[in-house]
Amino acid sequence: MSRLNRAATAYPGAALNRRQLLRLASLGLALPAAGTLLAACGDDGGSTATDGTVKFEGWDFEPKLVQQNIDRFTGLNSDIKVAYTPITSAQYVQKIVAEFTAGNGPDALYVYDDVLTGWVEAGYLQPIDGLPGVDDVYNAIYASNAATMSYKGKRYGLPYYTDSQGLVYNAEILSKAGITAPPKSLDEWEQQAVKIKNAGLMQYPIGFYAQRQDTWWAWLWALVFGSGGALFDDQLNPVMNTAGSKVKDVLAWLQHATFTSKVIDPASLQIVSAAIDPAMMEGRYAYTIGARYSLSMYNDAAKSKSAGKMKMGMVPSLDGTTLGTVSHTRMYCLAKDTKVKDSAHKLISYLGGFDNEKKPYTAKFWFMQEGLGFTFKALAQDAEVQAKLGKFIDPAVYAKLADVAKARNVIAAPWYHEYETEQQKVVQEVLSNQTTPDAAAVALEKAANTLKSKYQ
Amino acid sequence: MATTTTTTATRIVAGGKQRGPRQLGDTARAYLLNAPALTVILLLVAYPIGYSFWVSLHRDNLKQPAAKRFIGLGNYTSLIHDDAFLKSLKVSALFVVVVLSLTVVLSLALALLLNESFMGRGVLRSLVLLPWAMPGVVNGLMWRTVFDAKTGALNGFLTSLGVIDSYQAWLSSSTGAFLLTALAQVWNTLPFAVIILLAGLAATPSELYDAAKVDRAGVFQRFRQVTLPWLLHPLLIVLILETMNSFRAFDTIYVLTGGGPGDATDTIALLDVRTVLTYTDFGLGSAYAWVITAITLVVSVGYVSLLYRKGSFEV
Amino acid sequence: MTQVGVPLRYRIPWRKFVIYLLAVFFALFLVLPFYWIFSMSFKHEVDANAVPPQWIPMDPTLQAYLSFVHPDEAQQLVGSRAVADTPFALGNSLVVATLTALLNLILAVFAAYSFSRIRFRGSQVLMMVYLLTRMVPGIAIIIPFYLLMRALGLLDTYFALILSYTTFALPVTIWILKDFFRTVPRELEDAARVDRCGWFRMMWTVFLPISAPGLVAAAVFSFMTAWNEFMFALFLTSTRASQTIPVIAANFATDLNTQYTVMAASGVLAVLPPLILVLIFQRLIVQGMAAGSVKG
Amino acid sequence: MAEVRLEGVYKSFGSTTVVEDLSLTIRDREFLTLVGPSGCGKSTTLRMICGLERASAGNIYFDSRQVGYLPANKRDVAMVFQGYALYPHKTVEENIGFALKMMRVPRAEIAERVGQAARTLGIEELLARKPRELSGGQRQRVALGRAIVREAGAYLLDEPLSNLDAQLRVVMRAELKRLHADLSRTFIYVTHDQVEAMTMSDRIAVMKDGVLQQCAAPEEIYERPANMFVAAFMGSPPMNVITGELREEAGTVSFHGQGIAQQLPDTVITRLDGAGERKVVLGVRPEHVMLSTTAQPGFHPGKVFVAELLGADVLVTVDVNGALIKARVPPPFQLGTDTTVHIGFPEHKLHLFSDADGRALGSRVAA
């Protein structure tokens, strides 16, 4: 190449002869072909680490603690090496997809409940039925978590954590306004907020993270489920536009509280999920809907100015009596193409199963460290767990929320993410008064039906 | 006479024979000089580009590997009924228009200003380059803190000026979010446009201005008759590159609004990234990308033929 | 026409007035947003959130910057991996952007020379082909590009980024350089040939030194392209070994508990290196894009 | 040092032929000037000699060596460019010494030779400067210096004086001529200025539309132009031309045209017999036109149209029956506009050209 180049350029007048030209042309033709070839090599490469190292990837929640756990694991299993890579949580799903598409996926990885079915269908993951210890784990965890980690009758995940959403409130602000108990109904919530507002404590007592994002808006699902509502029936048909769905009523409440009583912060639209935590800890809002484990941080004096003041209540409902909320599950899965299946399984069993003493070591670790909800029924009776629980949350509420929580059934649909995006868009329109609750429900129904037929 | 003509003719024919390889030599030499760049481009981009076009002719959603098949232009024809696509195309078109006109007006004004002599010109010329150094993601983060509804500089500034009574959630209204996102984008891309235009101005021979002054041309006349013709090529570069950029603007919008509120800032670029990476619909996402490419190309060619007389243009 | 009669010194200097008005407007427009995060980076977290805002830090502190130096201490406070990664990312960005600029120049010089000096068949088409590769959105090619880089074993290395940014910047670099090269008098080239230089020597000893401003402008352009890019960096890198500053900055956008001040400080750090670069080469950059700047 | 020989050289760009069948020998140590209007192919010819352009056909020899295939950097030539082409990033010293450096001449020798050339040109003080710090004349000298520092077979100068002001041009003209004498090398000089060509050259090659019109010593060109083009191009102000025809009456030949009848000497008759041309153009240089206030035999009456003082001479334009004839006469010239004067053409200073193709019908009628 360079030789050719030099020869011709040093003698600008020198004509290129026919053979050189042909060679050049064939080189040009060969390039794209070479590309295809290279790509083909990439395709069958699989997710390999030739030296038996387990490639393990997860989103970057407390990666230091994760590494600490993995070091402990490799200490216990000196024959296994683990290469752990934390990935930015906002782009976790996208990046994993890119890696698997390129045949460069991990051997074991974190999986969100709402991508599980898609990734199974895409052929990224393998079922773990029959592998050592899996039955024990599935027998020991809550049924709803077990169901969430299964798809088409097969088990895919070992539990990382589970959690459900509840009403987060700042008890100090409430008491300043003379409020002693959290609201039971949405109307009561609105009235309490007006009271706080009128007391001059803050302009907008309620805040949500309502900027569009690639991950779900748990608070919205919690509000719908909290009133006993539903967005989809068991056949995954949209029901938000039917009488019993309560979706329109919840949306109407949101709009009312935003534009009539003006207690929901219109700036919610520019708050990303990560930004709601500092806002709550700084006491900028009196209420939000958040995960139970968030109180662990909110009440941690080292991190939060509002430590000790943050409490959790049940999600307020339309009628004030219904109890309900949404839960989610995070899990560890095995890649379909892993060449180190045994080691990888050992790793996720360590992280998501029992240790030698038949104790869910890692699950407890995460609860004790970060308050991440556990899936193991037995942990509720653990003394240390109960002690920790009492430090940041009312154990009764904690248990009750888990009790009434439901997972989103629609995450089994391959079009769930499209739907969630559409839902965020439509709810933003409700929150910015661009559409009516009725129209919003119609739009959501239409979107869901369109997606459904598109994926037929 | 007659004999001379004949010899001349034969000589020219003979010359022509020699001319053949000589011209080929020029062309061959030019392609040889292009070989390194072309090799890199072809090696690294030709395959991905071809691949993406091929994919765009397929129904190809990673979540439905079984449904994968060749559907020809199916993805493209489906766009006619694709509400999300059509809406985002509209948003993008508006975004491009707003960003482009703001960029052109501001950069032209700034370049003309920097071409004058005044105290502090050097300082201003350095300041112009500042936004260039800012990665789009950081730009988005910066403007997020500026527009923040609780602690933002914009609110503080306007409140202290007495323009507004209380802090506003600027990004919560569709119009506000759209315009402020466009502003953030303009701020980020302004330096490049200014540099290019400033260069064009520097190349304008000053004699022309003097001549125009002598001819009693007014400021605007001078601009139209003297400055603008010299700025045509720089303007073309600015228009084409900024159209490309704003059409594909992702980082800043993604960080600033994520596409909201509603779909007020949900540009085609955001939709495309989401379609490919979140919905894993590679087929449709690739089709979106090719529509973006085609539109950019058509618009670029449009600029070229608009700014140059037909036939004599050169990119 | 009556104006002519008015002695010059009595005329209101409208022109000057407009110029300074515009200058102040643009200066504020350009600087204020950056000044906001700049001043924030020297504040305590409490002051950063103050209402009304503190335009000048009352009690300036280097705390935010120190957290990059001692990330472990900051970890307790900020709880962010991004903090610890920032210094690495800055280093990576510098290496990637510099090498991208260099590789770009080397490749672009030859191509741009051919466009500026040789009339050849298909030159317009070829230029359009170059530009066309830039019109395809990155998202369309990111997956196949990832495949390619994986096949070449370049994932999570500088090379993957340098190669991708080179393909991004190259067409425009060629475009810019082509116009600049046209302004180099052909006579100089002839003179060098007569002075017994071969083509390469002519390029090296005469043509390129004269083109220095244009080369600098092109280099800065490709440097910035590499410095600012986010999406490819996100996908092609995964560790400290190659993650660049936009990837880390994106972490700040999504990380829990990120402090405003630390985020602002990282923003300032992300801007400083290229800013210093463009300030150093400011004159050359502007001149570089100016046709006809080679005189005498 | 070298004789430069062109044999049947053609040059075309695309379908345009700029140099056509050019055969020309530049003798060793000769100062030859290629002159012609712009676009006549003179610069292209020079560039072909230099090696910057390749001839489309034909051969070029340096002495007996064929050099047509060699690029410029392999030919033994030095060149001075119209725009000087000084390297803006190099000092004067580096500019002058650049070619030597490229030829790997030892550093000490380069310094010595550059110093020598600078002394010759009187630019020793400028050696450390950059080209942009020099005046036009100084740049010109540096450009010359860059050429003369080399011991090249041929020195090619492409309109080197055209960017200088008139005064400086005269000075440099003389210096160049002296330089040629001192160096005693082959100089090939391109200009569109016939005065430069006339004053400096050993021989002049006049070109038009890519075709060599005449190559001869300046006197020859002036006295015996090969055709009307050469006659008109060489000389300032240009030759007076009057279109008409020849009439033969009673054994004498006379010219009639544009209201002017002019008796021609007998010798013309024999000259013209062979050619048989009747439609001709009569030419006479202004400096040969005689002017009289009184009527003289053979003189033509006319009116003073305008008189311009050239310094040493006065250029008088006379309207003779509508034909404007220029006469160059010594001052003083006091007659006002429209004064009647009489002009006469000396028989042996007349030129006759074919009206059909402009070729000279005998370089000078009387010769």
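We just call them A, B, C and D in the order they show up, numbering each chain from 1.
Rule of thumb we're sticking to: contacts are C-beta pairs under 8 Å (C-beta built on N, C-alpha and C of every residue); 3 or more make two chains touch, one makes a residue touch a chain.
These numbers were taken from a predicted model, which means no experiment stands behind them.
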{"item": "Farthest-lying chain, centroid of Cα atoms versus that of subunit D", "value": "A"}
{"item": "Chain pair with the greatest number of C-beta contact pairs", "value": "B-C"}
{"item": "Subunit A and subunit D: spacing of chain centres that average the CA atoms, whole Å", "value": "88"}
{"item": "For subunit A paired with subunit B, centre-to-centre distance based on mean C-alpha positions, whole Å", "value": "36"}
{"item": "Whole-Å separation of chain centres (CA-atom averages), subunit C against subunit D", "value": "56"}
{"item": "Per-residue overlap in subunit A, given as positions that touch at least 2 other chains", "value": "9, 12-13, 35, 39, 91, 94, 98, 101, 272"}
{"item": "Where subunit C touches two or more other chains at once, by residue number", "value": "49, 142-144, 147-148, 198, 250, 253"}
{"item": "Junction residues of subunit B, two or more chains touched", "value": "22, 29, 31, 33, 35-36, 38, 47-48, 51, 144, 150, 277"}
{"item": "Parts of subunit C lying in touch with subunit D, wherever the complex brings them together", "value": "185, 187-188, 190-198, 201, 205-206, 209-210, 212, 294-296"}
{"item": "Subunit A residues within the subunit C interface of the complex", "value": "6, 9-10, 12, 35, 38-39, 41-43, 45, 60-64, 85-91, 94-95, 98-99, 101-104, 272, 274, 277-278, 282, 297, 302-303"}
{"item": "Touch list for subunit C against partner subunit A, complex", "value": "49, 75-76, 79, 81, 142-144, 146-148, 150-152, 155, 198-200, 234-235, 238-239, 247, 250-251, 253-259"}
{"item": "Of subunit C, residues touching subunit B in the complex", "value": "16, 19-20, 22-23, 26-27, 29-34, 36-37, 40, 48-53, 55, 106-108, 110-111, 113-115, 118-124, 126-128, 130-145, 147-148, 163-164, 166-167, 170-172, 174-176, 179, 183, 217, 221, 224, 227-231, 245-246, 249-250, 252-253, 260, 263-264, 266-267, 270-275, 277-279, 282, 285-293"}
{"item": "Of all residues in subunit B, those that touch subunit A in their complex", "value": "21-22, 24-25, 28-29, 31-33, 35-36, 38-39, 42-43, 46-48, 50-51, 61-65, 84, 144, 147-150, 166, 169-174, 177, 257-263, 266, 274, 277-280"}
